[in-house]
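We just call them A, B, C and D in the order they show up, numbering each chain from 1.
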Amino acid sequence: MIEKTQLIATLLLSCADRKGLVAQISQFIFQRGGNILNLDEHVEKEENMFFTRVEWDTEEVKLNRHEFELEFTQLAEKFSADYKIFYSDKKHQAAIFVSKYEHCLQEILWLNSIGELEADIKLIVSNHPDLEPLAAQYKIPFHLIPVSQNKREAEAAELKLLIENEVDTVILARYMQVLSDECEREFPFKIINIHHSFLPAFIGANPYRQAYEKGVKIIGATSHYVTADLDEGPIIEQGVARISHKDSLKDLISKGRELERSVLAKAVKYHLANRVLPFGKKTIVFE
Amino acid sequence: MIEKTQLIATLLLSCADRKGLVAQISQFIFQRGGNILNLDEHVEKEENMFFTRVEWDTEEVKLNRHEFELEFTQLAEKFSADYKIFYSDKKHQAAIFVSKYEHCLQEILWLNSIGELEADIKLIVSNHPDLEPLAAQYKIPFHLIPVSQNKREAEAAELKLLIENEVDTVILARYMQVLSDECEREFPFKIINIHHSFLPAFIGANPYRQAYEKGVKIIGATSHYVTADLDEGPIIEQGVARISHKDSLKDLISKGRELERSVLAKAVKYHLANRVLPFGKKTIVFE
Amino acid sequence: MIEKTQLIATLLLSCADRKGLVAQISQFIFQRGGNILNLDEHVEKEENMFFTRVEWDTEEVKLNRHEFELEFTQLAEKFSADYKIFYSDKKHQAAIFVSKYEHCLQEILWLNSIGELEADIKLIVSNHPDLEPLAAQYKIPFHLIPVSQNKREAEAAELKLLIENEVDTVILARYMQVLSDECEREFPFKIINIHHSFLPAFIGANPYRQAYEKGVKIIGATSHYVTADLDEGPIIEQGVARISHKDSLKDLISKGRELERSVLAKAVKYHLANRVLPFGKKTIVFE
Amino acid sequence: MIEKTQLIATLLLSCADRKGLVAQISQFIFQRGGNILNLDEHVEKEENMFFTRVEWDTEEVKLNRHEFELEFTQLAEKFSADYKIFYSDKKHQAAIFVSKYEHCLQEILWLNSIGELEADIKLIVSNHPDLEPLAAQYKIPFHLIPVSQNKREAEAAELKLLIENEVDTVILARYMQVLSDECEREFPFKIINIHHSFLPAFIGANPYRQAYEKGVKIIGATSHYVTADLDEGPIIEQGVARISHKDSLKDLISKGRELERSVLAKAVKYHLANRVLPFGKKTIVFE
């Protein structure tokens, strides 16, 4: 845990693995006055890929952000690395998409209100008016955009809102509309979804009904980044709960509700704290 | 828990649901001197089916087993019920099928040796010689039946052994041979398998490799009755373990080993204690 | 799961164990037209005590509730049984006591609002004004009763409110005041508390600080009935979460918050559904 | 996971926290040809202490071990650090102490035999002859040292054996003798114990009986380093299992058995892989 009064920088970096990466990156930060608070790294052996997340206190860093980035870019180019540096005084700008179920929206809004998440929630988009009062209670602008008639138009309106609000993170909190491929490809943001099953089991519609009919003894929920493949993006977090023959379909939905909000909240928390590095079909999550 | 010196009868019964089933069944047992120790029941609403498991102390039952059964049959016919009565002095007769992995076999043999399971393990069948010493250590006859050349012949030999030994329960403890359809249809026994994934995810070969490549955050194991559909029989028990990006494929296999033996052991324990009622694609497990 | 349109009766009964209890009780209900939907029973061997919970559909019961109870009393007297019969059209009348933390209150109010609990929440009592807006949002009367000056007077005021509102269940949702012994003895209601540790570990003040300093790898929460012994009443439900050296005290409190609300909600749900039979220092929970 | 054919060095180091520790340590290793494979670090804020574990491939390190250590000592002195460097070709030398229960011994011996642990198990010491056959099966020398008559003498004999065998790790696998204070103080080895409760709950004798009488809904097991305070040494690992009113004392012992062996095995595995840094009453476990 980091003290809030500090100004913290966080680096996420990935590149082909080679000798000296940890030494050179940490040395770079140390020589410029950065006090490293946390360093996590991981090597994906089969792919020969290196991933790291470094947090440092910037108090005694003499360079400004722009200068620091300019110099770091030279190091990163040496390794052909992808990287991004985040600063703790600039929260992620988030939008939440919902339909009619309130449990996930309520959880995210509440956790953010007590400081458990690190987001500016700029707006809520819904294809139904039901959750407007909940948005109002947390004083978040609510935009009703029905999608039944013209999906393309609706998505264009959504995209406009997101861009105007400089949103970088879209949270699908049980948003019951499949985003079109075009839309996902155009989105310059991360999209986080919650699927109400233990993926890859029970892909598609009505996963609780599927689970009930299959007679599984454990149900799950999966939060993942959205990509063009439905329910197939890199998994960030999963959770499970035991069930038995005593549980009706309604009981599964009730137990699942608790899973969904908890799993989505964890995934969103990791993402907002810059702890997730997607890599192909997988993610590295530095807890 | 039941005291071992008592002679306990256990009824497993299923029928279409109707009024008075619990009352009439418990009254039947009480009137014949049976002291009911446990009664579990379950109604499957969507299918209007009733399931029950009743245990009673037979000490003051005047009828012998045959007479009791004759009278009970009349009651059962009234309800068109399927039922079976087991007695605690007659353990299940089991056979274990293995290939090269020892962890599941070792677990079952050890648990049975300390009285945790209720089985006479009559024989072990394997398509490899590797685990003969482990069988010897527990003094269980070991039959090497290779299957590479003539599967039909091998299965005929297995079937002969099972029938000769009056086996009623076959435990596939990581037996890496798919039983042929004919074989499963002919088998007059229950067959319990352990699949090394959280079914229905990762059906088929190499589930740990599949899970590793998919990047799931939780792995599982599933024990189920074997039916003609591979990996599709009614699930008895499932278990899960958390993994992360730090876990290599080898780590998944290692964590999975602990899951497999534990999940199989629980499923076998429930089955041997007459706690499982299969019903279509599902099971009722009276824990 | 029970269909809501049915009128269901639920019996909770305990007595010394003897032969024929299940048979006679189920026969009694069946003969009067009751259709038994669920029957759970348990025998506590060391104490020779019998416990049962029976649910039946009353649609074809000819007797009214008073007549049924009069006849059942005769049966219960034969066994010297303690018992109570609840009807599904008469919800429990609950009061919630809180201080400043909202997470438990919010969870109970929300779950009740979506029909997951079965309570009429009549009032909220607090020694601080902070949570009045949350109470208002769910339209539950909020009573501010400070206790700093005169505890005895405050408790008298609370008692008066509870009796006026015919409350039978008091939920202490992180209420940071110890009830006086006199108060607990006088209360003719069930009081359910949530303690923020895995009891009996870390009894008393600041359990998260204690857990943090002890270096445990798992934290817990415990919901129990309140008796004259602080933190010592019969446990209804417990839950746990893994922690590591990475977790600061603040992280423990954050993870604990999720545990507390979930464990309290489960305990309250069991109690309100008449699934809990306290017995000495323990509880029987028919899940 | 590390490939076995590599020669890997592992550093465990702790010191007061200060700027530049990660940078200087990683730079030190890199400059001498070490290829860092893993680096974990942790800062204990309240105590201002820094902990790290670094693994590197030594293939291109030009210095021999002695030279490397001499140079590293100079760096460590600059930070007043405690440290130790381990090499993967030198396994830990372990002894196991047991009484009559076999489950923990069997688990450790089996896991070591399949390469899951990294130990040379040099000897087994017991105060009872019961487990000699199990030791023989794994070809480990078994020493019967009764303790009933003269504890001091027995401990002297044990100490002699441990020193002769150059043991550095003693595993108490349900060894039912309390080691004397003198003994523990003199022991120049790490001692790992398994306590059959969720410490600090149920310290002392008969924890399952205590748990049964308290009516807890979850039981646990705790593996910890042994210090002069009984059941009070730094906790390495804990595990839990759900129980209910249905579980008899015998069922608790049975479920506990599975917990004990699994929790002890995990703790031993972490210790043998040099992943544990004890710190006061706590441990840092770099998983």
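Going forward, contacts are C-beta pairs under 8 Å (C-beta built on N, C-alpha and C of every residue); 3 or more make two chains touch, one makes a residue touch a chain.
These numbers were taken from a predicted model, which means no experiment stands behind them.
When chain C touches chain D, do the two copies use mostly the same residue numbers, with over half shared, or different ones?
same
With chain centres set to the mean of the C-alpha atoms, which chain is at the far end from chain D?
Checked the centroid distances; the maximum from chain D is C.
Could you put a whole-Å number on the gap between the CA centroids of chain A and chain C?
Roughly 37 Å separates the two chain centres.
Could you work out how far the Cα centre of chain A sits from that of chain B, in whole Å?
Their C-alpha centroids are separated by 42 Å.
Where does chain B touch two or more other chains at once, residue-wise?
Within chain B, residues 1, 45, 246, 248, 287 contact more than one other chain.
Enumerate the contact residues on chain B facing chain C in the complex.
1, 19-24, 26-27, 29-31, 35-41, 43, 45, 60
Show me the residue ranges of chain A that touch chain B in the complex, using the header's touch definition.
Interface residues on chain A, with respect to chain B: 42, 44-45, 198-202, 213-218, 220, 234-240, 244-246, 248, 281-285, 287.
Touching chain C in the complex: which residues of chain A?
1, 106, 110, 116, 137, 246-248, 250-251, 254, 258, 262, 287
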